[in-house]
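You will see two complexes here that share chain A, one where it goes with chain B and one where it goes with chain C.
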Partner chain A sequence: MVSAARYWDAYKEVWRLNVLTLMEYKANFFIWLLFTLVYHGVALAAIWVILTKFPSLNGWQRTDVFFLYALWMVGHTLNNSLFFMVGDVPDAVREGRFDRMLVRPLDSLFQIMAQPGQNFPDDFFVSIIVFGIAAALVHLQWTPLVALLVVMTILSAAVIDGAVQLVVATLSFWVIRLDALRWVVMSLENDFTRFPLSMYNRAVRIILGYVFPFAFMNYFPATVLLHKTADAAQFNPALGWMAPLVAAIWAAGSLTFWRIGLNRYQGTGS
Partner chain B sequence: MIIRAEHLTKQFKSLRRKDGVVGTLANLFSREYDLKDAVKDVSFELEAGELVGYIGPNGAGKSTTIKMLTGILVPSAGSCTVDGVVPWLDRKGNARQIGVVFGQRTQLYWDLPLIESFRLLRAIYGIPHDRYEQNLKAFTDLLDLDEFIRTPVRQLSLGQRMRGDFAAAMLHEPKVVFLDEPTIGLDVVAKEAIREFIARTNRTRGTTYVLTTHDLNDVEKLCDRIIIIDHGSKLYDGSIDAIKERYGGKRVLTADLTVACADIEVRLPGTTVVSREGHRITIEFDRSRVRADELIVELSRTCELKDVTIAEPELEAIIRQIYQSGLEPLTAGATT
Partner chain C sequence: MRLEAYVEFAKRAFSREGTYRFQVFSRVGSVLLRVFLLATLWTNLYRANGEQAGIPLHSMLTYVVLALLLDIVYGVNGAYVVREKIREGTIAIDFMRPISVPLYVFSDTLGQTGFALLQCVPALVLSAFLVHLDGPPSVLAFVAFVAAVAIGFVVNYFIDMIMATMTFWTMEIFGIQIMVQFIASLLSGSLVPLYFFPQGAIQQILLNSPFATLYNVPLSIWIGKIEPAQYAAALGLQLFWATVFGSFAVWLWSVGERKVVIQGG
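The block that comes next holds the complex of A and B.
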């Protein structure tokens, strides 16, 4: 298809410009890289400290929890590399930059995501390394089935993450400022995915399982990968394989919601 | 005909906001809206190759009209087509054939050299390489982009940036280009360069232009036809000459006298003394009621004239008057 080729062309061009910008702002890039390392380092250290007090949480060892975090991180950072700029929608709408994307012959959502000079996949590479270490620590057996589940989970996780961001971002067509909601959803994702879902109360389980389905990014698949049969008593183990389905539903739902929002778009006064 | 707007109407709906903590909470649940008619029942048609000035005071609804024609906004009522395409129903199809320059807002990438924005646009519009090179060369020559095409956009002066924006809007050879205040903030020289570019491309490429501006010199130099809107409604649609003819019947005569003119009176119908300063007297007269030579003869009966100038009415003065007091007979001669 001609238009698919055009999207691909444009995307390549955007990445060329990402690299160019990176060259121009080398210092900035290294500061971000450092920030990425420190941020995840601190998160891991916090997990470690908590687990020195409680060496085991509901039958999850330190290394298991580390694996849980690493699995989430790969999907989340893949989302960052692909869909990070979805979070720019509210600002683009408020500052009137969004108008421009509506008068170009490519999908406006694609253009939002593919803004040059914004994305560096640095934290994705960092998290692949971290995940490799975590997999070794839990002695993950790389059978084809396990590899399939891991890859599917990571891809689905990125989509789920992106779709939730898109729903939040789309609300900006109705409400101009919603930084608060964004923060709530973000911390829900960042903080509550760090530990096994089975240790939280019912409300958190329902929210992460069925409202904002972040548990499909790491917890459900991890129960299968790590054979957590004790947790499987509380959750159906089939859920571990459901991430692609959840991702597909969320992708379709969020895109529909986006289209509805787009037709309500009023722009700004000047 | 390339653009047809029929009863185009846009009503903005905004949530009525209450102040204070309680008000903010109430806002979350409020379903009370303020409605604002930004554009009301505006219709017009444009032929391919026309260069039309779309003018009106602040808040008249110019940008809103342009946003509907470009597919950014969905009208509340009425409809329009741009070369057969309904803009908001087929945004991408419309985008291929139009170009847009918003003077207040650049489409260039801030951190990157100008040329990189062009290359990205080439990919976005899928412009064939040879056409791209041709157009780039043509616009580089016309707009003198050479000296700063490799400079990051954030380091460009406003005038340079605007030249870059024009090239960016036209690389894909749009049939229609919408300009929303393209000369805002530019100095005389930069304005002239932009005007020259618009006139040139209109002539040689047949590009249709819709030009919104507050600088009536832009309009006077470029457009044969103007559409005036105010409070969302169309007031006038026709040639500049016709509006001058009909609403600019007044001329201004300025005379330098050999004596102080404090007590000089002019007793002719259709004349008003606008000012008397020292030896200079300024008189406004209605061309249809009194001729210039009659006025000069009348003046020279009471004093000696050293110098006389007669000024044509400025478009600006006419438009100002229309903004201020409206334009009574809406229909006669209003449409072309």
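The block that comes next holds the complex of A and C.
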């Protein structure tokens, strides 16, 4: 067994390399930072334009939908900062890079996540600012309970997001071409979560609530934070506090699935 | 240089695209997923707020589906190959060949777009199962729509080509190009019809901007927001922007080419 201190040292080294890379390619860094701003800016502007013309979406105003997006954005960018390279597993397997990681002493999943050149957490800082603006727009009252729910939700959201990516990545041990599934999951997470779950039919509610539980990243907690009683009548308000539980289940489940996939991969040598 | 060579380039691009069957499948699927999402969104918005800007719900749903089909057509970006050629330096060899690189790229893009148009057929048919689609108001409107898409395609090609040509000066163009695409998706009326933007100066600027030639003009013709009396003006606006971007693209290319030929890159 390798001690936790070795992992910590390796992880620090990766981040040192990330910073050095950033210093070397400053223009590249700023272009991608600008890209982050444009990507989310366009999404928020579209929401703003639509809900200015159509002031109510199932009882949600433009500031509410803005908040919904911002809450998702914080959890998602935290996931990007920590687990972004999980999405590299299919490519690493196809290109044979993954086999190299298997013969090294550190855990292979850790090696995947701790590759230099991963996302710098600039988008996470941007999203904290966006979330601050959104919270002010909806006049969120910062009581200790509210702060607890927000922090719990963001941390859990990053784990849920990462765990779903890990499950999809693990499937690459069985299936080579996963592009379609990856695309559907990404669309469910990035596009479908922009709007209140109450607007969808039963099938989408079940998918976002229980199959790929992205609704726990923003919608369920937001109904509690924004006191959406009409939504609470359709969904149990306790769901708003359940993100940590869902995150724990998904983390355990996805790691188990990863081990199964890894054993199969190493077992057949294919 | 004979025209047949360029026709052959286009044919080859068409059949090359045909080998990626799986991509066709996932692209059609992704259109359907978005049709479902956007139909749900707009249906809910119309139910709570009623009709806005003189666009009834059935027109809006038609608009959404056609915008997604145009995404397939405009998403081809054949100029991508220019960026790779410049990055790898093989562009110098292309300059020695008896062909025009921009014309080669245009033929190639045309061939790829032909294949993209084929994908629109299943996407359209399957979308019709999800939402009710309006036909164009008249035969004339359909002809005007096709003409508008054709000019939109040319403007789109020039924009992509200008971006790719900039690789002569900076390698960081990929990020900028995606950024322009995202901004264009908002300002062209692809995500939200321009009639829903704040009325007054902002809307007027957007309706006349080069981005509007891509989505707003053809889609507005189809749903009847641009009426027959305005067809000439709308297509004229598109042609104006096509000329502006075309001239700029040609000029930029000649400067870039000279730079490589004289300085060696």
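Following the convention adopted for this analysis, the second predicted complex is superposed on the first by the 263 of 270 C-alpha atoms of A that agree within 3 Å, B and C clash if a C-alpha of one lies under 4 Å from a C-alpha of the other, contacts with A are read in each partner's own complex, and residues count from 1 in each chain.
Simple rule for what comes next: a contact is a pair of C-beta atoms (placed from the backbone, for glycine too) under 8 Å apart; a residue touches a chain by one contact, two chains touch by 3 or more.
Since the structure is predicted, the reported quantities are computational estimates derived from the model, not experimental observations.
Engineer: Is A:210 touching the first partner chain B, the second partner chain C, both, or neither of them?
Structural biologist: A:210: touches no partner chain.
Engineer: Check whether A:10 is in contact with chain B, with chain C, with both or with neither, and answer first, second, both or neither.
Structural biologist: First partner only, chain B.
Engineer: After the superposition on A, what does A:195 contact: first (chain B), second (chain C), both or neither?
Structural biologist: The second partner, chain C, only.
Engineer: Per the contact definition in the header, classify A:97: touching chain B only (first), chain C only (second), both, or neither.
Structural biologist: First partner only.
Engineer: After superposition on the shared chain, which partner residues are touched by A:116: those of chain B (first), chain C (second), both, or neither?
Structural biologist: A:116: touches chain B, not chain C.
Engineer: Identify the partner contact of A:265: answer first if only chain B is touched, second if only chain C is, both if each is, neither if none is.
Structural biologist: After superposing on A, A:265 lies in contact with chain B but is clear of chain C.
Engineer: By the touch definition at the top of the document, which applies to A:105: first (chain B), second (chain C), both, or neither?
Structural biologist: In the superposition, A:105 contacts chain B only.
Engineer: Which chain A residues contact chain B in one complex and chain C in the other?
Structural biologist: none
Engineer: Touching residues of chain C toward chain A in the complex: what are they?
Structural biologist: 22-23, 25-26, 29-30, 33-34, 37, 40-41, 44-46, 48-49, 52-53, 172, 175-176, 178-179, 182-183, 185-186, 191-192, 196-198
Engineer: Spell out the part of chain A that touches chain B in their complex, as residue ranges.
Structural biologist: 2, 5-6, 9-10, 12-14, 17, 20-21, 24-25, 96-97, 99-100, 102-108, 111, 116-117, 263, 265-267, 270
Engineer: Give the list of chain A residues in touch with chain C in this complex.
Structural biologist: 27-28, 31-32, 34-35, 38-39, 42, 45-46, 49-50, 52-59, 177, 179-180, 183-184, 187, 191-192, 195, 199-201, 204
Engineer: Help me check something: in the complex, which residues belonging to chain B touch chain A?
Structural biologist: Interface residues on chain B, with respect to chain A: 12-14, 63, 67, 70-74, 91-96, 98, 100, 102, 104-105, 107, 109, 111-112, 116, 119-120, 122-126, 152.
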